[in-house]
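Chains here go by letter, A, B, C and D, matching the order in which they are written, and residues are numbered from 1 within each.
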Amino acid sequence: MSARVSPLREPWVDGGKTLARITEDVCAPLERGPAPSWYWGLGASLTALLIGKIVVVHQIWTGIGTWGLNKTVGWSWDITNFVFWVGIGHAGTLISAILFLFRQKWRTSINRAAEAMTIFAVMCAGLFPLIHMGRPWLAYWVFPYPNELGPLWVNFRSPLLWDVFAISTYFIISATFWYVGLWPDLATVRDRSQGLRKKIFGVLSLGWDGSHRSWSRYETMYLLLAGLATPLVFSVHTIVSFDFATSVIPGWHTTIFPPYFVCGAIFSGFAMVMTLMIIARKVMRFEEYITLRHIDAMCKITLLTSMIVALAYGTELFMAWYSGNPYEQFAFLNRIYGPYRAGYALMVFCNVLVPQALWFKAVRRNPLWVFPISILINVGMWLERFVIITVSLHRDYLPSSWTMYYPTYVEIGTFLGSFGLFFTCFFLFCRFLPMIACSEVKAISTFAQENRETPRG
Amino acid sequence: MADRDFLVGVFVCEQDLLAATHAAREAGFKIHDAYTPYPVHGMDEAMALPKTLLPRLCFLFGAAGLLLAVLFQCWVGLIDWPMNIGGKSFGARPALIPIAFELTVLFAGLGTVISFLVLRRLFPGREPECAGLGASDASFVLAFATPETEQLRGTLNRLLLERGAKSVREASSR
Amino acid sequence: MKLGLLILVFASGPLRAEEDGGDFQRYAAMFQQKCAKCHTVGLGDRVGPDLKGVSKRRERKWILDFIRKPGDFLDSDKTAMELLKKFNKVRMDELNLNEADAAGLLDYIDAASEGPVGPQDLELPEPDPYARLSMPDEHRGILIGFAATAAGLLALAAVLFQFGFVRIAAIAAILSLASGYWANGGRRDHRVFSRQQGYAPEQPLAFSHAKHAGTLQIACLYCHYAAERSDAAGVPPLKVCMNCHKDVKRPKEDPNGVGEREIKKIVDAWERRADPAEKGIQWVRVHDLPDYAFFSHRVHVGNNVKCQECHGPVQTMERMRQAAPLTMGWCVECHRRPPSEAPAHWKRAGATLDCAVCHR
Amino acid sequence: MNSERDDIEAQDRRDLVRRGSFLKGMAASFAALSGGGCVFRPPEGKVVPLMEQPAGVFPGETLWYATTCGACTASCGALVKVRDGRPIKLEGNPEHPLSRGGLCARGQASVLDLYDSHRLRFPLLDGKEASWAALDAFVSERLNGVAVLSETIVSPTLRFAVERFLKKFPGSRLVEYDSLSASAILDAHARTHGVRTLPAYHLGKARVIVSFDADFLGSWISPVEFTKDWSPNRQPEREWDTMSWHAQFESRLSVTGANADLRVPLRPSEQYETLRQIGLAVASLVFWKGPKPPAGEPSSLNAAAVSDTAGQLARAAGRSLVLSGSPDAATQCLVNWINAMLGNYGETLVLDPAGLQKRGSETEFDRLLGDLEKGAVKGVVVLSGNPVYDHPKGAELAKFLDSAKLSLSLSGRPDETAVRCRAVAPDHHPLESWSDAEAVSGVLSLSQPAIAPLYSTRAAIESLSLWAGEPMSALDALRGRWKKSVLPGADFERRWHEALRKGVVLSDVKNPKNLRFDGRVLERLSPNPLRSAEGGFELSAYASPVLGDGRQANNPWLQETPDPISKTAWGNYASFSPEDAAKLGIVEGRVVRLSAGAASIELPAQIQKGHARGVVSAALGYGRTHAGPVAANFPVQKMLPVEREELSGADLFPLTAYSSVRVESTGRMSAPAKTQTYDEMSDPITGRRRPMVQETTLQDYFKDATSGRGKAMEVGPSLWPAHDYPGPKWAMAIDLNVCTGCSSCVVACGLENNVPVVGKAEVRKSRDMHWMRIDRYYNENGETAFQPMLCQHCDNAPCETVCPVLATLHSSEGMNMQVYNRCVGTRYCANNCPYKVRRFNWFDYAHEDLTQNLALNPDITVRTRGVMEKCSFCVQRVQSAKADARAENRAVTDGEVRPACAQSCPADAIVFGDLNDPKSAVAKKLGDPRSYAVLSELGVGPSVFYMTKVRNKKV
């Protein structure tokens, strides 16, 4: 894909694989059947998904009142989870697109799984705006379609409507990007299989045959998609942050939100990729493809974004003080000293203090350290959204309306269910689709590089 | 695609493929296509492929999305049904930006992919060409329309074997 | 509870007493209210004689006295008694007119006798005022989307599994049934086919608006009198029917005896009215707006919007039918019509588009 | 014909179920209704017209009838709104000289009592359904030597019927009592003025009002009348001296105390001595030479407050008024003494014509119990009231009811008294009956039925005259009596109809007696032994302005309306001062046991600022066992059937026999259902005060009329040009100076707009649905301020911008519209509302009680679950006023549109109108220097303005 790599650089795939060996390795999970741990994982995910499904059905049947919301706190876990999942959904396309544009070769081992993670995370995210509606069966009203009401369109000024466009565009483009990347590998699997699987993969691979005439245009298309997806990644969380930034509520009404949210999203997204990859490389035996060097690289990005997030926290506090706006000042003091202060403290601990450990190479290269850190970062990032959303709402302008919010089992179950959905999809993906971008790894494999012609002339 | 017969050379690495391609083209053979497990750089020049239309199409689709979004939002807000929403002007411009951006990306992205599929005539159920030669695994395949004469066939066969082909054989597009 | 909002049947515009058009309009309205159920001007005898040129046939004073005290005359005056005999002994109602009103009414009849100025000749709106509704129905849009998805899935299935025609047909049938059921399901604001435009259910009583509002030229507001005072137009109480039908037991022309049979239903119900078991005439509701849409008849009638503009050519309908779609799009079509395009007979043009006018 | 708007979903399936069961279950009452002019709509979209339309009634048209509110003995004038044969709302009658268009929360809500499905539907004999004939036969044999027990009879016609009845049966007598007794005031006047009567108070004439535990703005005697009197004097924009000065000495924080300029917490036992000290100070200032009362228990008095009060009183001699709610006659004698010294009799309080709202006598009640004990009285006819519940000695009475030869109740409800009686002859609801009322001598108001009786009930007048052997209809009795005594002379019919139309008639009081204060009694006064027992607490039992004495305890609207002070709904609680709470080691919500003698109740504790130390206070009217399902509790999904979970509060009446109680903590917790959980104006972290309520003192106000406005942050220039409103632009002004917090508007709004009632559990979760709420704040001095808060209809409404589906928009007349049927329920608008006035339907709220649903307003959608709702500025009233104006070819006049809150306000604190009309009242209010908008610094441009609260004090 690019010019020869400097021999000083270590190769990104260990073990001196031949091309055929790479094919074997990548297709192995599909062909030899899953390990027992896969069944356990899927079983647990399906259980969580089922719990989520039951509580969501109960909630839609009975009403949003089954949640702990009230007249003052109209959003809490629902939108917290939404922003959380959208944030996670950032790393996938980011790894794929931006690292592609920056010619970061190490993306190839993880980009497929990261993109899949994006899609599943956006699915989980999309669930929440849908079920948080009082009348979700009317959700189609948010689309501007011709109707018999006048026609009555939608409110193009509403950040929530921007969300609708941003999230659905992001989902469609991410899914397309992922699917496009899958074609060569689908063809690989097709060519190795028989019977029904051959048929299915035959249809899915759209008749891809590795023709160079296709490859040539494919690369252009992939580059274009990457170029489009990169600003899209930034726009999505920017627009999600508009939900809050354009409002009038102290603690929400903040111009810093777009970059703050985007960095937070990348931060949490990379943490989630690390969580998944550390599990997957073990369970799917991909240690040679997803190497410690991959983890190390991701840790560096995580550390960087953690610093940016910490800067944002500081800036927020400074601006609240500097603005002289008493409501704004109180909103932030209330985060620190108010009834939800434990959440704020934990958030700072997880997002600012814990990642400092990643300054050390020994930590970065040790999955046993990185794994808990990545989990803590995700906890912290969930709390960040909770602190922004709920803690700003529960005490806003008029003290008469101040009140507390406590989640119910329905909200907790729904959150659990979203993890169930996410991991169920991810486990199925690992089992039934090539989890590593086979053709891309081949292109950067030692074999390919050693047998590459230096440009003539 | 119609049922056609090819003469194919199968290589084990891109280096040999590139060399064979150059040689064959210089020898005047018309290369049907090459089939590789990953995109081989240098093949464009080797096969003398023309520049693709895709970037221009991408731009056009993006522009269409942008135009549609802006015009539709303006039409709704200013002409079809102006409404006083939060005291803002009917055609408040900053509010147009997010959706205009999203639709630009959406149209450009989908348009590019669809253009690609149309240009390459890829669709669900299409039969891959030259399947079974391992091009999706580890082989690099160079395909020629089977030369008309036995002699040319022999020349090509030799040329390919000389350039490192693991094997040379007849194949059909189906 | 839900004692229902009864609705809507019609309102009539141009015949209001408070009109600016002065006496003529006032008495035109009064004629419609008080006389038109039995008399016409120039359209022939009905329950009572045709009044065209009546003041040429009889002395003005006699007529004025007669219409002010018909009861006395019918018992004593010779001419009146003869007329009574001629018209099946149907006695004229007491109209309780004062002198001025009686004179005004007679002036109106005279004027109406001269030419086509009677309310009978009021021009009706163009036959299809709602034809401009061009936007596709929202639900049809959904259905189309649904059908397209289904077709796509079928195509995929066909390619994938090379299904036989029969199986594909079966799937298509199931999908379309499901979508139809879904789209036409119980939710009233989602119904697509039921009770929409063109809905004309069979009624327990074969009441003909064509006969009453068309041939007999009875004013809409005579029966649906609430329409100019209240939001609801109301279905007339049986007493209103009995105003005429206490005398009219069979139509003039009634070849099949249908008229007589149907009139008997009213009379029977009326006579049994004290009986708690008598449930009255259970009309099937035709015009049924959703409960969240508030329509005010009095505002529209007061603005001279003709009944037919919403209810269609009722005077030609044998059985009542919902002529307009009564969708919100159809409502706002009029409401946002620029004043320059509004019909000239409306008092005010340029209605409001505020949501709260109908939804509150 | 009935037009009615229901559920915006209008699901046919549910309608079917609902209508089906309705038709089955309600056939009887339904027949009665349709007789009143209804056509019903059976399932399947049928339309059944009436046989004959009653004259003057048009389907869908609203009719108003003048009547008298029957919710308490204050007997305010009311207008009842009748739609298609159903009374659906009560509003104050502006022509009534006492209530002047105001109506309190209880009066507003009483229309729901009519449709209470827990009313008695037939007579009872020994607890079983009986025919009227059987009942009459049973009763007639046993009428000799009975006592008629009743709460104060305000209807002269009923009193006449009772007198005739008593005459017929020798040995029988009438005993009147009052659940909220004013017996001590009457007894005191018997001693000081020689006539046992309640004075008629004229608070409007009083420049200085000093009240001791008399909650005259909340629940004392005639709160609406007093508020109407009190509020005009609280307007500082009049001349210098016209703002009255109001001091309140009280044991707990009452609505009245919250509005006072000087408020002193005072134990009930200290009242006598405090009054004596004030009296002595006044005596020296006005050179009183007469006898002086003996000293009471020494107490630690606030000397400054005493001398300040005395000085103010003396300066306003003849234009001042001292009131007391004490149940102790000696204390009340001191009140009379001070009023007499100041020459207030004949000015601010008048004994003839007298107040007739309370005539009950505790002595008489005790004598009745004695006679029952002795067997001298053989039976009891409970004409009205519920003495078993609402009299401290109710339990003793109940014993006799069980054993008496005749125990008969005329209650329309199976209440605590009725269930102990052998026979129950249910009376009509006041909205079903002909009656009259004379709350103050010479002010006679009429009650007329607005609907045919729903059930097989009979007017008390008819029952009494039947048993007395002279059967007559209530209407005949009423007309007969009015012809004779109220409208004598010629032309009765015309004047009768005029009276019916107006609802009230003023008749002259003949030869008013000039009663003189007799000071000799002062020397013989024995100060009451109210001293608290060692370690005990003095008890202050009060009636809350929303539930009163509990007769309407089954009224969901009243239960859901929070107490104006504690902001707690659905139940009572024991209030303590913070110091006492700390001493007892109790926290808010801790269940405490109050006991005295044999009586003992358990209540959650409430810590109340401004509460007197050593006193525990709790509201009466709760803890009813036989009020109905609503009083018991209220599940959110259904009204009926109801599982009884816990009583809403506890019954305090038995404890009121004691003046002090023991308090113990039980260790359990019971969270109160509060609609406001944070009470202060300043935040808890920085302690900075928030400027939503702006207040100043009269002194500062005269220096600078804009004082107290605080420093609002500057609003930057707008990015957008403003929209113009070529027609009217509706706006509201609320005067914080006169808003007493009485909550009448809260109830009026709820009834007008079909606001759902959600029940205790939901209120606990902060999910109350009130569109109009009254925020209550304490400032840094511990003073209280009320602030009605409703949708501010901002010009730049933040809620509108964020709705994705255009369910909330701005109207061309400046109103913020909420379209329920378009709402998908994202709640984004509520989050983005700085005033938090938007309310979300978390569930499908109870509309299962089909009888209760008859009170729904057909002009308003009943919202389904999952949609947002909020104040609409009563857009339906605006619409109908515009339609009326258009029909009459004129413009809408100023004051023609009054939203339900503005209409109901007894203090006239709320003004509504067109801001584009410079002559409108609201435009003038906006021009007042006191006007400000809450959170105006946000630039949202509210259409609701508030007037700075001005306190008449020096500092």
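Throughout what follows, a residue touches a chain if its C-beta (ideal position, glycine included) is under 8 Å from a C-beta of that chain, and two chains touch if they have at least 3 such contacts.
The structure presented is a predicted model; accordingly, all values stated were derived computationally and were not measured.
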item: Chain pair, B-D or A-B, that carries the greater number of C-beta contacts; value: A-B
item: Greatest separation from chain C - chain, by CA centre; value: B
item: Chain B and chain D, separation of their C-alpha mean positions in angstrom; value: 80
item: Mean-CA-position distance for chain B and chain A (Å); value: 29
item: Whole-Å gap between the CA centroids of chain A and chain D; value: 57
item: Centre distance in Å when chain C and chain D are each reduced to the mean of their C-alpha atoms; value: 47
item: Multi-partner residues of chain C (at least 2 other chains); value: 159-160, 353
item: Sequence positions of chain B contacting 2 or more other chains; value: 81, 85-86, 88, 92, 124-125
item: Sequence positions of chain D contacting 2 or more other chains; value: 798, 801, 806, 809, 811-812, 822
item: Residue ranges of chain B touching chain A (in the complex, touch as defined); value: 13-15, 18-19, 33-44, 47, 49, 52, 54-55, 58, 62, 72-73, 76-77, 80-81, 85-86, 88, 92, 95-96, 98-99, 101-103, 105-106, 108-110, 112-113, 116-117, 119-120, 122-132, 134-138, 141
item: Complex contacts: residues of chain C adjacent to chain A; value: 135-139, 141-142, 159-160, 325, 327-330, 332
item: Of all residues in chain D, those that touch chain B in their complex; value: 718, 720-723, 794-801, 806, 809-812, 941
item: Complex interface listing, chain A residues touching chain C; value: 140, 145-152, 199-200, 203
item: Chain C-facing residues of chain D, complex; value: 1-13, 15, 18-19, 22, 31, 33, 38-42, 44-53, 58-61, 84, 809, 811-813, 815, 817, 819-822, 850-851, 853-854, 856, 858-861, 872, 875-876, 879, 883, 886-887, 889
